[in-house]
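Both complexes below contain subunit A, partnered by subunit B and then by subunit C.
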Partner chain A sequence: MYFRGTWGCNLALSATIGIPQALLYYKYYPLWEGFLKGLGAEVVSSNVTTKRIVNAGTSVAENELCLPVKIFFGHLIELKDKVDALFVPRVISVEQGTYTCPKFLGLPDLARAVDAKLPKILDPTFNTRLGRRHFYEALFDFGKTFTNSKYKIWRAWMTGVAAQKAYQKKLLAGVSPLEALGGDAGAILSTGDLKIGIAGHPYNVHDPYINLNLIKKLKKWGAQVVTEEMILPRVLEHEANKLPKRLFWSYEREVVGAAFHWLQTRTVDGIIYILSFACGQDSLIQVLLETEAKKHEGIPFMSLVIDEHSGEAGLITRVEAFIDMLRWRSLS
Partner chain B sequence: MKGFLGVDVGSVSTNLVVLGEHGDVISLIYRRTQGQPINAVQEGMKEIQADLPGDIEIIGVGTTGSGRYLSGVIVGADIVKNEITAHAVAASHVVPQVRTVLEIGGQDSKIILLRDGIVVDFAMNTVCAAGTGSFLDHQSTRLGIPIEEFGSYALESTVSCQIAGRCSVFAESDMIHKQQMGYRMEDIIYGLCQALVRNYLNNLAKGKELLSPIVFQGGVAANAGMKKAFEESLQIEIVIPEYHHVMGAIGAALLARGTVRDGKTNFKGFEISSIDYQTRSFHCKGCENNCEIVRIQVGGKTLACWGGRCGKWEVATAEEAELLLQTSV
Partner chain C sequence: MKVTAPHMGKLDLIFKDIFARTGIDYVMPPRTSAKTMQLGLRYSPEFACLPLKVTIGNFIEAIEAGADTLLMAGGVGPCRFGYYAEIQKCVLQGAGYEFNMLVLEPPAAGWKLFIDTLRVLAPGKSIYQIWQIIKISFRKARVMDGLEKYALKYRAYEVHRGDTTKAHKKALEIMEPAITDREITAASEKAFAVMEAVEKDMDKSVVKVGIVGEFYILLEPFVNFDIEEYLGHMGVSLERSVYLTDWISPSPKNQIMGITDEEIAQAAKPYLNHFVGGEGLPSVGHAIIYAKEGFDGVIQLFPFTCMPDTIAKSILPQISRDFDIPVISFVIDEQTGKAGILTRLEAFIDLLASRKKHRELVGV
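Entry: the complex of A and B
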């Protein structure tokens, strides 16, 4: 059986389940929250990443992992004493013919290997590669942990889907994920004279700790910021298909699609690409993006590589110089 | 006589320049920072004041370099700019048609591409310092040859000697090996210059179009061996500006000239060289991040604070900083 539920026994209806504010949180939190609440669970999420969380994560994680995964572990540790179980789904594939990052495929296993005593880990599998039937079978199988009523499981899922749709609509309209999820995003109105596209994985782009508050800084310096969430999925899909060979990672297709869209439509003054130092996919699409950006003269492209050793001084210098460069252009 | 002051506080050197109203260099100071940026700026101010004509009136100040915020507070800057912009401004002032700027400083190196007087692309070393001035500095100490003489040694080289320049530690092992094999010192030194150039071009210039005129600036540009190695590798003539070692400060002064209107400058005067500045750092308890905040004080009064992720300490005035200190520490 391709779906392996490892949680074993039934959870009490009022169980508190923790969702770490890291990695796919920025993409699917409303879906997961709606689904779990619909099943009768209490849901809590961790707070924004702090130094303590980063230190906790990096101290238990394998050294070769990327910073976002290490931070994910930090969030698990942050939640461990507050919840009955942790929600760490195995997101294998979210559309036909593609995969997600290999670390997402093994995330529950990586989490179990973390050197810290963690509560029970709930790891439903989300895999659309094998078709709808398998996907929903897995869903019902997971739902059985909470209830035997297939109807209730279905209704819970649909509640999550509705919340997710509403969330994505907000993001499309330009609300940042943290704002949409009710957290503080240091919302400064974007009324700048420059428009900058921020490419990169949402967990890098929207975690102010990982990117050293890049978005807030850009806004303070008078730049409007646009991200991939503000582009229609079919547009991302269309743009990503311009690559001679289909990328087989979904989320990276979205990053590529967004950057290509901005370059193609010339709707931004410049693009900043945030990437993790240890990320395999990022290292590959960085080259694809840089090559494509060269073909579109007049839209500067800059990569910012981030890991736990990143110094703020170097990052600020680069971003300041990037903004100066864009302003200088628009003056002449 | 009116002038603009530019201050560039880098990791290795602290440079001050006073430009006339037309951008001509009236006076310049180049000195080592020696890990004491405040002292270096104060001593530099003393020196440059002694060198300047008595009737000089500073009508604008700009600061740049990694110590730009600190020096900006001390001298009263009208503009605080990053070193990439400052170097680009200075290069296009000295060589108006410049299309490529190579800059190698103490602990960082940059490449800036300009087209029609506008910066179109730039890069700065990120994870490694193998392609910077301290690499040469370190090797010169080891070889017992003053860094100032490195260039003339390199030019004496007759047979080039391949040194592994990927990492400065491995370059050193390789160099020791070459010495033990009996290679001439001149060839080894030129080999080092070539290794540095190779490293620079691989790291920073990768995939970029380096078009003439190319201006080479920063402290390392004083090394004639480096110029030769760049020219050999790129097959293009390299221009080294007269004031190559203080281009950052020149850029900062030029930026000040472009910023200050109606002569309203924040300049605090040359007297600041005798003020006793103190820096203190503390951990902000505003949130779990416990950021380390630096505060600069004079006689127990806070002038400015910075550091911290949220940006709340970079407040505009000293009064606000004082208020914030009372409420959140």
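Entry: the complex of A and C
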């Protein structure tokens, strides 16, 4: 009934594995794709979020879950008939002493609980808390599903790591994740009179459906957009460490780090913080960011709470007013 | 320095005991009430979970009552409870209150930090003395938890409605003045005798229900509408997945419950294979344990937007199906109405009772 990390049987070498285009897709897709392809699998990812996907996801998900997780379920359902297995890793920790979101810790179990006859779920564990050795042991354990050759697993992982490095380099240069993954890089860097920092989880900031195409709209209105991916990790780390108590969620450290960096260096005209309703971390980080923003006069800060009921008109009105206010400020 | 701490069920009894032993000045906020909630809501972030909002209210009332040092527990994640103290500080400072915040971080965040905080709370005491104080205070607290467990289980059998609640109150009063080891032993015997003296009808047909969920909602009667007493009076014998001392103590043994963390984690497999912070894994694990032990139903309670228990809620329907046990989840926030919860509870208990009767008839 349930499939655990290691099974008795090997997956056929030509197995097709689906990676949903949601949640950590925006962070790690090249790594996962490279790794799985290196292991000999075919990799398919779902397409951009559509209304159908959202409806499919929200109809099977618990009410109290946040929109990104509901959408993740929608992508799983979208992929289920096209693939032999779904790739839903358990990302516990990506740096020493921190966790990711609790929902990521339980994501494979949540996926198995979805009432939609999903194919096998592959759930390798990524956990750096217990040290390097543990991390690689888990990796080899997962790789055994495909091949018995440790060398092959290692090579596959390194292929993924190389692809990931190239991807992050592109992001740092200002290419958005979807553009970097779609291949047509370098087409975007808009030149506007305003520069706006978009803070928030990458799966909210870069999924045009979740944020109702906010980034495109901002660009259309003549604003330049910067995101956390365009800041060096070292800088994010340094800024996040300014909090009186070390934040124990990695991805939120990046969100806080980016916003603090923009406030500190005054390199943006305004900050828009996108958060999903019912997100545990966002509810607390909002307080930290708003408190900090109040200390830096001259950089307006706006929070946009998004859920499946968010209307485009409401968003446009607020963002337009925000932009107008920024322009008006720069005039006076 | 006048220390205070937020309310969470009988936590204030433990604090009073410890503070009296270390000899520091303290003031406890008034018991959580509608006014507390209102004060908390005024300043709290919108979709933080209810415990944060209520404890902010507690702190405001405590500051108004003269407290200047707020004691709060810390944490290392991944549940957001671990970051509450920082947020409370931010929010209360933003609201213009003046105070010191004393955060008791778990030893996992560093022993030095932990011990330094203890030293502030117990001025002039050595580490050994502090350890002795904690040990003896905990012993007393465990007796009180034992009394609570007894009341939960046997309230359903009482002959005269309300006797158990009265006896429980009296038993706690007996426990309160006990200071030394010997006094605690004597008081404990006396307190349990009081509980056992309550007239019970053990042949009564009662429904057995397990309560799982988030610790604050389970332990604080104000936010859970005192459903334990309500259920007890309806003739429901209860077992709960969280007790105060089990929760505070870092030991994985869970003395009051008698189930180790490891056993709970094993029980939760294969439905939830990793801890997810908070009570997510215990909620799933305990639900399965209750099902296997032949309980008639499981009730889950947790605050709206609680991440770990939302995960548990997503998984519980599978357990309900596979183990053939009815499960009901209540999501609680400041908008939740008492009548709505109690109506649904009543219907749920009726369902359990008729299921039980049916099974007895057909002899399953």
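Keep this in mind: the second predicted complex is superposed on the first by the 318 of 332 C-alpha atoms of A that agree within 3 Å, B and C clash if a C-alpha of one lies under 4 Å from a C-alpha of the other, contacts with A are read in each partner's own complex, and residues count from 1 in each chain.
Note that in this section a contact is a pair of C-beta atoms (placed from the backbone, for glycine too) under 8 Å apart; a residue touches a chain by one contact, two chains touch by 3 or more.
The structure displayed is predicted, hence computed values, not measured ones.
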- Message: Taking the superposition on A as described, I'd like to know which of subunit B and subunit C A:Asn148 touches: first, second, both or neither.
- Response: neither
- Thinking of the overlay built on chain A, is A:Thr317 touched by subunit B (first), by subunit C (second), by both, or by neither? first
- Between subunit B and subunit C, more extensive residue contact with subunit A: C
- Message: Which partner chains sit in contact with A:Gln286 here, subunit B, subunit C, both or neither? Use first/second/both/neither.
- Response: second
- Message: According to the stated criteria, A:Arg90 is in contact with first (subunit B), second (subunit C), both, or neither; which is it?
- Response: second
- Query: Regarding the shared-chain residue A:Pro108, is it in contact with subunit B (first), subunit C (second), both, or neither?
  - Reply: second
- Shared contact residues on subunit A - subunit B and subunit C: 277, 305
- Query: Quick one: in the complex, what on subunit B touches subunit A?
  - Reply: 66, 81-85, 108, 116-122, 124, 126-127, 207, 287-291, 309-311
- Query: Mind pulling up the subunit A residues that touch subunit B in the complex?
  - Reply: 50-52, 186, 208-209, 212-213, 216-217, 220, 277, 290, 294, 300, 305, 312-314, 316-318, 320-321, 324-325, 328-329, 332
- Message: Could you list, by residue number, the parts of subunit C that touch subunit A in their complex?
- Response: 45-49, 74, 76-80, 82-83, 85-87, 89-91, 94, 103, 270-278, 280, 304-308, 310-311, 313-315, 317-318, 331
- Task: Please name which positions on subunit A make contact with subunit C in the complex.
- Result: 2, 4, 61-65, 90, 92, 97-103, 105-106, 108-110, 112-113, 115, 125, 243-245, 247-249, 277-281, 283-284, 286-288, 291, 305
